[in-house]
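The structure appears below as C-alpha cells.
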Amino acid sequence: MADALENDQPLLVADSLSKSFGRIAACRDVSFSLYSGEVLAIVGESGSGKSTLLQLLSGQLAASGGHVSYRMRDGVTRDLATLGEAERRFLFRTDWGFVHQDPAQGLRMAVSAGANVGERLMAVGWNHYGRIRDTASDWLTRVEIDTARIDDAPRTYSGGMRQRLQIARNLVTEPRLVFMDEPTGGLDVSVQARLLDLLRSLVAELNLAVIIVTHDLAVARLLSHRVMVMKGGRVIETGLTDQVLDDPREPYTQLLVSSILPA
Amino acid sequence: MTAMIDIADAKKTFTMHLQGGIELPVVSGVTFHVNPGECVVLSGPSGAGKSSILKMIFGNYRCDSGRIGIRHRDTLIDLATAEPRQVLNVRRATIGYVSQFLRAVPRVATIDVVAEPLIVNGMARADAQARAGELLHRLNIPERLWQLPPATFSGGEQQRVNIARGFISDLPILLLDEPTASLDAANRAVVVALVAEKKRQGVAMVAIVHDDEIRHLIADRIVDVTSFAAAA
Amino acid sequence: MNAPAYNFAYLDEQTKRMIRRAILKAIAIPGYQVPFASREMPMPYGWGTGGVQVTAAILGPQDVLKVIDQGSDDTTNAISIRKFFAKTAGVATTTATEEATVIQTRHRIPETALHANQVLVYQVPIPEPLRFLEPRETETRRMHALAEYGLMHVKLYEDIARFGHIATAYAYPVKVNARYVMDPSPTPKFDNPKMDHSPALQLFGAGREKRIYAIPPYTKVVSLDFEDHPFEPYRFNAPCALCAAENSYLDEIVTDDKGGRMFVCSDTDYCEGRQAAGHHGSLSAAPYKEKAGSHG
C-alpha cells in the first residue's frame, strides 16, 4: 500500500519549460510528469530540441522559463533551480544517472573498469577497498562484462562493452532516475540489440525511471512506456508508446513512423 | 451482474496526413459489453474493423469519442480518456492481449518470455517458470526448446509461445486476436480448452476467430461489427 | 648587504605584500590553494621559484636560513638558493636544522623534529592532487569547493588493483584540517606523519602553477587510505650505513661499478650530527676512502 501511495506522486515534474538561445527557441513550453519505474522516450529528428530538453531536465542547463521539480529521496519535492550546486552534484552522483552517447564522456578512459564503477561509491564515502571491488565486480557481471577485465581500462574495451560499463558506473549507487542520450547511437545493430535487451531487464528489475532521448523509434518501442514527439522545440504529440507509434495523429509523427525501414 | 467491459458509442477515424489529410473512418457507434466468464466473438468480413476494436479496448488505438469502460480493481475506468499511466496499470493488472504475432525479444529464453507476466506481477521466478513449463508442455513445445529464445522458432511454435504467454496470467480480461490461426487440430483443441478454463475462472474475453468450428466452441455471444463499420 | 642594486631579498616590497596576503589567506584556510601573481625569478621553473618567492616574502634580517634539496644541504640547488639569499638579503645561513628559523625544502622534511617559531617552505611542482585524474582546472576547483574527493580514492584504488597495495610512495595525498585534500609536494610518504600537528608553520609555493597553500602549526593532517588498506609509512629494513639511524629516510648510493651500494640518511645534517655524537654504521669509514679515491 505504501508503494501505491508513493507511486501517486510523480518523481519529476516539468512545468512549462522553455529555453532560448538568443532568438532561437530550442525548447518551448514543455510540461509532463514522470513517475517511478516509468520510461519516457523523447523522439524527434536532430535539431528538434530533444537534447536541450534533456539538459534542462537534468539541471545542466538553466531554463529561460518554467520549472523542473524532483522528489528527493527524503520525499520532499524540490525545484531544481533552488538546489545549491553541491546538492545538485550530489543528486547527480547518487540518485541520478546520465548515460552519454559517447562513452568517453561518461567514463574515465584511462582508469580501470573497477575504479570507474567504484568511483561513485567512493564519492559517497565508501572506504573499504574489498567491498568497493566486490560491488564493482558484481555490477560488471550484471552488465555482462567478464570480471577478468576488471583491472583493464575502458580504452581497451569494445564500443558495446564501454557502453555497458557506463551503465554499471551509473547504476552502482542505485539511482531512481537515469537520463540517457542516444545510448545505442554509435553501435552496430547486433551490439545495439544486446544493449537494449540488457537495459530493458535492468530497468524492470530496478524499477528505474528513465528519460531517454533517441531518434530511433525502434529503441523507443522496445524500452519506453511513453513517448513525447518533438519538433521545432515543441512537444507535438505524446502518449503511450504503442499508441503513438501504432496510431500516430500528428502529420509529423505519421511521417516519422512511416519513415521506419521495414526490418 | 456487472460487466467487465462496457463500450458505448465508441468511434475511431484515421486521418492520413501523408495522403493529403484524407479521413479514413474505421468504426463508429461501437456499443457492447462483456460479462465475467463470458467470451464474446467479434464477427464480420475483413476490413470491418474487428482488430481495430480489439486495439481500442486494449488502449492501443485512441478513440475519437465514446467510452471504453473497463472494470479495473473494482472501479470503472474509461480507457478513452485515461492517463497513460492508468492504461499501463490496466494492462498490467486487468487486460491481457494475445496477438497472432510474437513480438520477438532477442536473447530471452522461451520459458522466461512466457513467465514474464507473472514475474512482473510479483511472482517468484521459480514458481513462474514452473507454471510456464506446464503451459508450454500442454501446447506441445518440446522441453529442449524452452531455454532457447523463440526468435528462431517456426511460425506455429512462436504463436504457441505467444498463447502461453497470454494465458499464463490471472488477468480478468483477455483479448484474443486469432489465437488459433496457424495451429494444427491438436493445438487448436488445447486453446479451446484453455479458453474454457478461463471462463470457469470468470475471465471476460473478446475474440476474433475466423474458423467457424472454433467460434462455435468458444463463443457465448457473437457481436457483428458490420453495423459499426456501416455506420461510420 | 653587498648587493645594493637589489631590494632586500630580491623581490620588491609590493610583490612581497601580495605574496604575504596570499600566505595569510592560505594559513586561514588550511590546505586551500591560493592563487598568487607568481613573478619571474632568476632561475628556471622547476628549480624552486615558488619556494623562493615565499621565502623572500617572509624573510626578515634576523632570520637564519637553511635550504635542503632531497634532505641534503650541499646539492647545487640548495647551495645556489642559500647563496642567493645570503647575497640579496644578507641573512645568516646554516645547515643545522635546530638553528634555522626558515627552512626551504625540496622533497623532504628534516628528521630532527621542528619546533614552534620555525617555518618550513616547500617547493612544489604540481600543487593540484586531482590533476592527473581530472585535467580541467574548473572542475578540480569545483571539487575542492564542494569537498568531492571520491576521485582521490580512485587513484589509491588503482594502486591496490595494480600492485596489491597503495604504491604511491611520494606526493601521497593528505586531508588537512578535515577539509581540503592537499598534495604535500613530492616528499616521500615517509614524511607524511611529520606534517600532522607539527609545531612549525608549513608553507607551500608553486611558482609555475602560481599557487600558495599552507598548514598552520598544530593542524591535523591525515594521509588518505582505505579501511582495509591503511596508510603505512615506508619502512627500511636496514639502518643508515653511516650513522646507524633506525628510523630515518635513506638514500641509495652506488659505490662502485660492481653493484656495490650503501643506504645512508638523506638528511645530511641529521646524519652528520649523529656521527659527531658517536654513532657509527656498518660502512662509516670505508666509503669515505673510496670517495676520496674515486675523486682523486
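Order of writing sets the labels: A, B and C. Residues in every chain begin at 1.
What we mean here is this: a contact is a pair of C-beta atoms (placed from the backbone, for glycine too) under 8 Å apart; a residue touches a chain by one contact, two chains touch by 3 or more.
Bear in mind that the values here come from a model prediction, so they are computed numbers and not experimental data.
Participant: Specify the chain most distant from chain C by Cα centroid.
Facilitator: Taking each chain's C-alpha mean as its centre, the farthest from chain C is B.
Participant: Name the most central chain, where centre means the mean of Cα atoms.
Facilitator: Nearest to the common C-alpha centre lies chain A.
Participant: Where the centres are mean C-alpha positions, what is the separation of chain A from chain C, in Å?
Facilitator: 47
Participant: Round to the nearest whole Å and give the separation of the Cα centres of chain A and chain B.
Facilitator: The separation of the two C-alpha centroids amounts to 32 Å.
Participant: Quick one: report the Å distance separating chain B from chain C, using the average Cα coordinate of each chain.
Facilitator: Distance between chain centres, rounded to whole Å: 77 Å.
Participant: Within the complex, which stretch of chain C touches chain A?
Facilitator: 133, 142, 146, 148-151, 153-154, 157-158, 160-162, 226-229
Participant: Where on chain B is chain A touching in the complex?
Facilitator: The contact residues of chain B facing chain A are 14-18, 21, 55, 59-62, 84-85, 87-88, 105-108, 120.
Participant: Which chain A residues qualify as touching chain B in the complex?
Facilitator: By the definition above, chain A touches chain B via 35, 38, 193-194, 197, 200, 204, 225-226, 239-240, 242-243, 246-247, 249-251, 254-255, 258.
Participant: Given the complex with chain C, which residues does chain A contribute to the contact?
Facilitator: Against chain C, the touching part of chain A is residues 85-86, 89, 93, 108, 111-112, 114-115, 118-124, 127-130, 132-133, 150-151.
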